[in-house]
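Both of the next two complexes hold chain A, though its partner changes from chain B to chain C.
Presenting the complex of A and B:
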């Protein structure tokens, strides 16, 4: 059943993705990620010596600073920082550089829905640009429940505000996009079926949540593919933009 | 935190000596001459009031937002202007998040003085109901990358953002006209701010024993400089503000020389900003394209539906100001403005040469696209078209007002001799007929035939 969303997309269609890496000069790693109109800038500095208090010195520490577009930093920004921190902590190899701090700074350029997933994607790309050792990449997607009870992906701001409930889901990137074809043998449940982070807002029935997970997983494969392609495209000297239109 | 000290970057003695020695032979580390600016790129976002400026490696973003507030008690009929600078830790590892440091506050103050105290922005026009409601303009400057000379880059970002910002139109209504109704952009076209002049900040650094003066220092030069001075000057030669906070003492003759250089640079920079702004509003560029057509479509729909609407005086004047501006500035850059640095001495001659080069350059970059622009004519076309549409039939130098499309052509025809090198009347007729038969089209389509026609005199091989 095709449904008409405000911008003419179908239920499972993402907005156009664009990723640029290496845009900043002073930062060790930087990336911009845009999904449709939502655009986020991320920069990475690190690893730096020293840690905050109460942090485990046997592991590296991740520090996230979220900068909103305008206005003071308040509770929502702190919440985003915390979610980003725990998400990125789970993808970084923390034992490689113990007793160090890696700072990730996220700057919101424009918010048109699905801001947190966009920021997570940007932060992940920036970490890759900085060369921080990672276990795997993270791909984030936002699924929300439309009025009819079906799941729509990557809502814009209007859709997000009108929906009853939505979920931000972060998956590890799909190994199929990384491994060479032919070597892929799935004996146990693949890694990419795990969820790194799930943040929900609003009330939704359990079946709908499971449906969101399913959709999210399907799209994460596409996102991983896009991510891989944009990483591959870049030579060290240039920073071209990779743009991708997804239809699933 | 002590661990932060371990991470601060220190300048080595070798680097310092190298910079100073190179300056003795009039050479800077990045190959510039002492009075050259770095490459300036001004980009705009999809919405009004969002600008991104790159001056060499320095990267600054400016956002402008507005809000209706109560005015200050001692100025009941003036709007307010507030500048918030964020030295993001993204820009420099030594910048801390949280409270702004000294340099952030100083930067904010310099830009604030340049804009507010020199009355660059007209605050009286921001008043809605005296004593009750005025517009408060808030400028947020985010420093993304510190490559040196943050003041100049941030100032340009603020000016660019202010120039493209549009505030919603509001009117008084309700009982005894005391209620303020803010019209959303769909119903009424938002209004630009009234900007009297553009105050440009030019920063000088004094390096070495002999206090050699350089313009636009990089962050390496800033680490070794003895002192700095920022002069905010506008194109008319007025000095809006001078900031020299401590540092090494310099002779007053040097200060006077710096002011003279600053006024030359200000003229150059003002031209670049104005070109970038007008290009972004009317240019074919992927980032603003759909926004522009969407915006123009909204305007077209509105105009065809409303028959004869009273044009409010201030907006009409503003539009005329815009038209005059654009007719004076007949050279147009491509969507992204890339300007090379120019010599202080021969700035005027070089500027005109650069215009020629960049005009061709601009045209060249668009070869192969769906429409090849001749930047020169495009600027005049689009400006004239937009003005004629926006003024809803009350265009300044226009006589025929039958249909909006014919109207466009007339205004274009009038401004045509001002801009174009070889006017070709017969082709103009063809274009006119072409336009009328096409019926309901977007603004871009309306402009297209003219541009294709324009290319013929300049001998491009695209066939319309």
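Presenting the complex of A and C:
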């Protein structure tokens, strides 16, 4: 059944994406990522010598600072910092620069739903801009359960507030490889079938969660394609915008 | 397996690659030695990409990832602090002395960690004639003491550290550079002679991107330096870590040369010549 979303999108349609890298002159890496009206700025400094307390000195350390648009920093911001830190730690190669710290500062410019996925995408693009060694990239998507029990992607703020439950999912990007596909499956599950992070709020049945995972994974391929293309258009610092549409 | 064409690695050469892409499969390339440059790592049998950029290949067997250094048309203020410098053996860099220890000087070379310069690695260096260098006060140590202070520091200044007292500027060569340990420097060349390394007196130092430094040091003379050299006399030292030092008889020449170099980052050879001609016309 077709559903009417407030802005006329279909169930699986994302808002228009825009990504610019290298926006800040003084940061080692920076990126802006916007999905519709939600816009987040990320800046990366590092790696720099020195470790925070209680951190393993044989690995690099990642520090995230979340700056909300207005208001003081409280518990929700600390939670976002923690989620971002563990997500980014799993995509960075931590043994290349041991005993160093890389700081990532995330500034919310506008919040119109799906804020954490937008921030993860921006932080990942900023890490690439800074040249920090990474295992692979991360693409993040928000899936929520609409009233009729079906899954909608990339909700805006109104939809997010009305929904019973939603999930933020982060997947590794789809990789290009010289290897033939047959070889990969014999040894171990391909990287693209993994999941990095899943944050859920609200109550949803297990089948709906699995459906969210499946939809999210399908869209993550398109998102990684967009990320790859946005790196090609680096020189004139153009921001490529894209509207994706996938029908179920 | 033998159906795999030998030139399949070239399907990625000169293409944009992102972190995670598998660009070479070593199981099909037995008995070949490959040299890996920056941005690539070996993961059992495959070579994967660590940094985004274009994959380059040089005969006979060198692969590396080149990240685009151009940043957009807003010269001259965009060449301030590009990416981090990763120290490599054999590079010549400009370092600032930040501290003295018993047997090492601690030198900042814009890398992830400070570098060590042994006090004896000067031409004719003995325990009796250790040079005395001015030490720059290193404010970066404060940054990890408290999270709030460091966040504020970074926001207000945008830079990670700055120097209150100017430390001595040295032109040095990287001798050892491994991950996890501080790089080691030397003020002599491989045979022990001074060869222009050491203290840089007077002049003016500015920071640029590592890409610009590489272009200035490229082997047929860089167009901007050649054009400037025809009309002006100056001396310059370029560090691969993104620092450039310029010295000339009069301050106005120093300013002119520095501005010309800073402006030349995103210009082609012809554009650089035109830019230099225009600058010189305005002065004379």
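Keep this in mind: the second predicted complex is superposed on the first by the 221 of 248 C-alpha atoms of A that agree within 3 Å, B and C clash if a C-alpha of one lies under 4 Å from a C-alpha of the other, contacts with A are read in each partner's own complex, and residues count from 1 in each chain.
Assume a contact is a pair of C-beta atoms (placed from the backbone, for glycine too) under 8 Å apart; a residue touches a chain by one contact, two chains touch by 3 or more.
Nothing here was measured: the structure is a model prediction, and the numbers come from that model.
Trainee: For A:49, is the partner it touches chain B (first), chain C (second), both, or none of the two (neither)?
Mentor: In the superposition, A:49 contacts both chain B and chain C.
Trainee: May I ask you to decide whether A:25 touches chain B, chain C, both, or neither, giving the answer as first, second, both or neither?
Mentor: both
Trainee: Going by the contact rule set out at the top, does A:146 touch chain B (first), chain C (second), both, or neither?
Mentor: Neither: A:146 stays clear of chain B and chain C.
Trainee: Looking at A:41, would you say it contacts chain B, chain C, both, or neither? Reply first, second, both or neither.
Mentor: first
Trainee: After lining up the shared chain so the two structures overlap, which partner does A:65 touch, if you call chain B first and chain C second: first, second, both or neither?
Mentor: A:65 contacts both chain B and chain C.
Trainee: For the three-chain arrangement built by superposition, which of chain B and chain C touches the greater number of chain A residues?
Mentor: It is C that touches the greater number of chain A residues.
Trainee: Between chain B (first) and chain C (second), which does A:110 come into contact with in this model arrangement: first, second, both, or neither?
Mentor: So A:110 only meets chain B here.
Trainee: Examine A:93 and indicate which partner it touches, taking first as chain B and second as chain C; both and neither are also allowed.
Mentor: So A:93 only meets chain C here.
Trainee: Between chain B (first) and chain C (second), which does A:133 come into contact with in this model arrangement: first, second, both, or neither?
Mentor: Once the two structures are laid over each other on A, A:133 reaches chain C alone.
Trainee: Quick one: is A:195 in contact with chain B, with chain C, with both, or with neither? Answer first, second, both or neither.
Mentor: After superposing on A, A:195 lies clear of both chain B and chain C.
Trainee: Across the two complexes, find the residues of chain A that touch chain B and also touch chain C.
Mentor: Dual-contact residues (chain A): 24-27, 45, 48-51, 65, 101, 103, 105.
Trainee: Please name which positions on chain A make contact with chain B in the complex.
Mentor: Chain A residues touching chain B: 23-27, 30, 37, 41, 43, 45, 48-51, 65, 67, 69-70, 101, 103, 105, 107, 109-110.
Trainee: Which of the residues in chain C end up touching chain A in this complex?
Mentor: 4, 8-9, 11-12, 16-25, 39, 41, 46, 48, 50-52, 67-68, 70-73, 77-78, 80-84, 112-114, 140-141, 143-144, 147, 150-151, 154-155, 158-160, 179-180
Trainee: Help me check something: in the complex, which residues belonging to chain B touch chain A?
Mentor: 1-4, 6-7, 45-47, 50, 57, 59, 61, 63, 65, 84, 86, 88-93, 97, 138, 140, 142, 144-147, 219
Trainee: State the interface residues of chain A toward chain C in the complex, per the touch definition above.
Mentor: Its residues touching chain C are 22, 24-29, 45-52, 63, 65, 93, 95-101, 103, 105, 128, 130-137, 172-173, 175-180, 191, 227-228, 231-232, 234-237.
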